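By written order: A, B, C and D. Residues from 1 in each chain.
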Amino acid sequence: MTNDVISGGQPIHAPDNLQPLLESILQQALTVNDGKVADYIPALAEVKSDYCALTVATLDGNVMSVGDADKAFSIQSISKVFGLMLAMERVGDSLWERVQMEPSGQPFNSIVQLEWEQGIPRNPMINAGAILISDVLVSHYSASKSALLSMVRGLCGSEEVYVDYRVHESEREHGARNSALAYLMKSFNNIESDVEEVLDHYFWQCALTMSTEQLARGMAFLANRGKCPHSGRQITTHRDSQRINALLSTSGMYDQSGQFAFTVGLPAKSGVGGGIVAIVPDYGVICAWSPPLNSYGNSARGMYMIRELANNLGLSVY
Amino acid sequence: MTNDVISGGQPIHAPDNLQPLLESILQQALTVNDGKVADYIPALAEVKSDYCALTVATLDGNVMSVGDADKAFSIQSISKVFGLMLAMERVGDSLWERVQMEPSGQPFNSIVQLEWEQGIPRNPMINAGAILISDVLVSHYSASKSALLSMVRGLCGSEEVYVDYRVHESEREHGARNSALAYLMKSFNNIESDVEEVLDHYFWQCALTMSTEQLARGMAFLANRGKCPHSGRQITTHRDSQRINALLSTSGMYDQSGQFAFTVGLPAKSGVGGGIVAIVPDYGVICAWSPPLNSYGNSARGMYMIRELANNLGLSVY
Amino acid sequence: MTNDVISGGQPIHAPDNLQPLLESILQQALTVNDGKVADYIPALAEVKSDYCALTVATLDGNVMSVGDADKAFSIQSISKVFGLMLAMERVGDSLWERVQMEPSGQPFNSIVQLEWEQGIPRNPMINAGAILISDVLVSHYSASKSALLSMVRGLCGSEEVYVDYRVHESEREHGARNSALAYLMKSFNNIESDVEEVLDHYFWQCALTMSTEQLARGMAFLANRGKCPHSGRQITTHRDSQRINALLSTSGMYDQSGQFAFTVGLPAKSGVGGGIVAIVPDYGVICAWSPPLNSYGNSARGMYMIRELANNLGLSVY
Amino acid sequence: MTNDVISGGQPIHAPDNLQPLLESILQQALTVNDGKVADYIPALAEVKSDYCALTVATLDGNVMSVGDADKAFSIQSISKVFGLMLAMERVGDSLWERVQMEPSGQPFNSIVQLEWEQGIPRNPMINAGAILISDVLVSHYSASKSALLSMVRGLCGSEEVYVDYRVHESEREHGARNSALAYLMKSFNNIESDVEEVLDHYFWQCALTMSTEQLARGMAFLANRGKCPHSGRQITTHRDSQRINALLSTSGMYDQSGQFAFTVGLPAKSGVGGGIVAIVPDYGVICAWSPPLNSYGNSARGMYMIRELANNLGLSVY
């Protein structure tokens, strides 16, 4: 009665119906109370701290959820994955002349490292790297925002994916550090377009909102060798889906990426809105959301839920 | 006629006999000439630059090799994996209070980061972390060297694994930076035993020598859920083998770890002696050796051979 | 026949007529050819490299010059002294809550240090500090530019002091790193006014032009216990003139300040336009100008001329 | 009835008898209670926190003291001035190829900066610089300790200057950070002699003890153009005394050197034993001692006493 799916070289003994397990993990997660809702912008600080959602979308099309899985939230840094995807498609490997693919060993918004590395960001998952990706998009698309939104809606299989304009505005008003990163890259001639336009795209992109169910669908191609399991479209090559997963494995969880690999063992990306999405190659996607963050900027309950589920089902790729 | 092995969620169409593929990759590798033999100690600088070996050991017991696969070389930093293994067994999770598990984003011998992090090394694969592991071994074993050598010989299934005393001596004489790292940790009270004794263990351990065939066997338990496929002994838990592989994935290839994950997608560890060992969970171990190093300190030909083989067989765990 | 002036505790045996000495030093300086004209903005790169001027203005009203002493040049960072003066007058000691008074031990435009120090610049003579001073001026004056220009003209005793609008424009266009510094301070809440307005004031101020004779007069109050020897006006207190001189002694010559103190022993400030002004307490002001810069950003010939003159006359305050 | 002494270009209206002023300043200083006795080694931690002494030695031979001015204390980093003096005499200007003369902008024991600067210390007043000076002494003297002690006794005019062997021992036992600095310099080939021997000299030198009266005499040559006012011997050239004073002005008071220049305006050196010595060129030496340190490692009461006295007598060289 189990649905043996292969992942990480081992059969995943995932039951046909994960629902009871998800429910139990959610209940335990709600007792985790040591996080703190992001307060660097008012629009995020106001989100209720008790939202909690967990979704598993398997490649066969099953989507199982518990909690607030239909409530849209600010995906923030998770949008960096979509931006990277679009830029890789557009400019190919020349991208990697302007941004590295190494873990940073530093906070996500470190300006010190950017200075040492002469304006070349360590990877596209830290802020500097994502701003650089925004520059690529702004420079190569006449309308970078609609290009990205259109791609995201296609991946999520829904036109009901929006940008929260209040968050966008709030990001812009409190984005001085990101401006500093952008201008520093400009000073090293590693920004091609107008800095303010680049930052506007970046802040806009961070303000994308979706539910855990939408987000799980949107990332499913990364678990499915580059092919969207819903539309059947080959979004990217198997090779590039592995490469993106590799990046998420070494750099997706801020300065807790090593610990996440050690304890969970899955490619993943989180955002300060409290979302975390984890890729299980050849199995599916796990998406968790709960606003309070731990000291690294990752959702405290989200970390708990994904770790429990991954360990329970034996999902580590290692 | 193919031996379908499962790894990374995908059947590896590895032929029964990899020999022709290995031979072809070796020949191509010999045309790679842009590396430079390590010269920080005389004993390493003297090694002939044209040695080249490639070994694949699969979990079913097959060992296929080409080139100088029976020639012993200095495994250097690869010994960090053995040291970590022994320390994890001995002190359990309390180990992680004294060393982190995050990628460093810095050169392997960075003293700057150790200062910022108040004497807590970023991970056990950089020099500071391995010196700390040496402190654990020296503090918990009455004879740390023989404890380690005995474990290594058992894993390799051979008593013919030795330490090169000339290399050991040479390391000690040219180890001022490692001494600086050790004393800096001492100043933060993160070294318990006598600093000179700890350094002596560390330099000794770096001087372990073995062939690619011995090394491939010695690491096979990491590909086999913690169980040595030769002796059948459970060396460590499946959980801990995944955790070590996770560490190698984020931090095993010096400041080229992200690029290695991106282009190869396997847990791996390299040493300045020119060796690289890569773990393919549930399939086996690949071991390459050639002395000339690229600018990151990884074997130039070794990188080439492992990348070619992994891409050819589709081995990425992502 | 000598005019015994007291300085640094020792009588300066300065001849009534320094002219022959200045002439001889200028001739030697013209043989110094190892500098390079600043080329970070086109407007500076075009200045002829063979301009050379040396002026000594003593407190008794004598002004002796050789070379191109009536040619206006871009005073660049020397304007930081005027800006600081105006800010100190306006906000008093509260200024020092937002900027320190310590030497930086770093290049003048270091963003690394600003990050460590949480957005508090090390001193008002590095770029970050001078941008902060610009914020103070913009925030406290309805028209900060005319307030500064008016003060400078008064000190120089000439209405013929201008801002080079081409340099101003050029600074703005190539000022990305300064923008990064300003936004980083903003992110630490250490900029009060609009960042773009603050930067505009800063770039404008850097574009002030004057001749060595004008500049020597303009700084004379610092050698005269705060009193302008020309107008007789007490510009600032004796105490504050000593404090500004102290700052110039530890931080006025970029990352060559220690060497300048060691070899010359006078408070001084230089700019990348090739100007250097040195204060000799109770004696007068020395001002040198020649565009080619050494590797620290100080005028190569200017350093030579001031060192020779100071050693010849025994002017070190130490 | 005043003794007009010339300094900083201005007559010092120092009364014939400073005793009442010193007494009043000492009484006020005793109410300063915000410091903390150095506790990094037990031998220093045990010193009574209420010791307080102030001595002024003028060049005419007068020595005026209040408080515990005959009690020997550990001069610690003040010994760096004596070590530098001896090394400058021995190797001349070639010294400056191995150590810079720039303020560090960093804590006195920073290893980060030493790494950036490739093992070349920023100046001889930080620990790394003084360890390098120790290497020079050990390398150039067959008996570096007795050479130094002999010079110091000669300067102080007393054979009663000793090394506290308990402090020496204690420094060695708790000197791991200094060992790290030394080995890091060794790794950059900037230490010539045996590291342990160099460190032994350094720790020994730090353990020199003397009273404020002895110390004031011992530094008097720096206020007197290089000539010892007691013995009449020319210890060094006028030029070199100015150069040492310049170094003390930019780098003598740890990371509070800029503030000391700003508020006091005198070359000075302090030690974590609570001593501070300030040079008044052409006037004399001020020496203060009180064990509790402020957050920069400078004696809290010592700072107060020297600032009060300097401001009262108008001693700033600027």
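Basically, contacts are C-beta pairs under 8 Å (C-beta built on N, C-alpha and C of every residue); 3 or more make two chains touch, one makes a residue touch a chain.
What you are looking at is a predicted structure, and each value in this text was computed from that prediction instead of being measured.
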item	value
Chains in simultaneous contact with chain B and chain D	none
Chain separated most widely from chain D, comparing mean CA positions	A
Chain B and chain C, separation of their C-alpha mean positions in angstrom	56
Length of the line joining the C-alpha centres of chain C and chain D, rounded to whole Å	31
Interface hub residues of chain D, defined as touching at least two other chains	none
Every chain pair meeting the contact rule	A-B, A-C, B-D, C-D
Chain A contact footprint on chain C (complex, rising order)	110-112, 115-116, 176-177, 179-184, 186-187, 195
Partner chain C, residues of chain D touching it in the complex	6-10, 100-106, 113, 122-123, 241-243, 245-247, 249-251, 255-259, 261-263, 265, 267, 281-283, 316-318
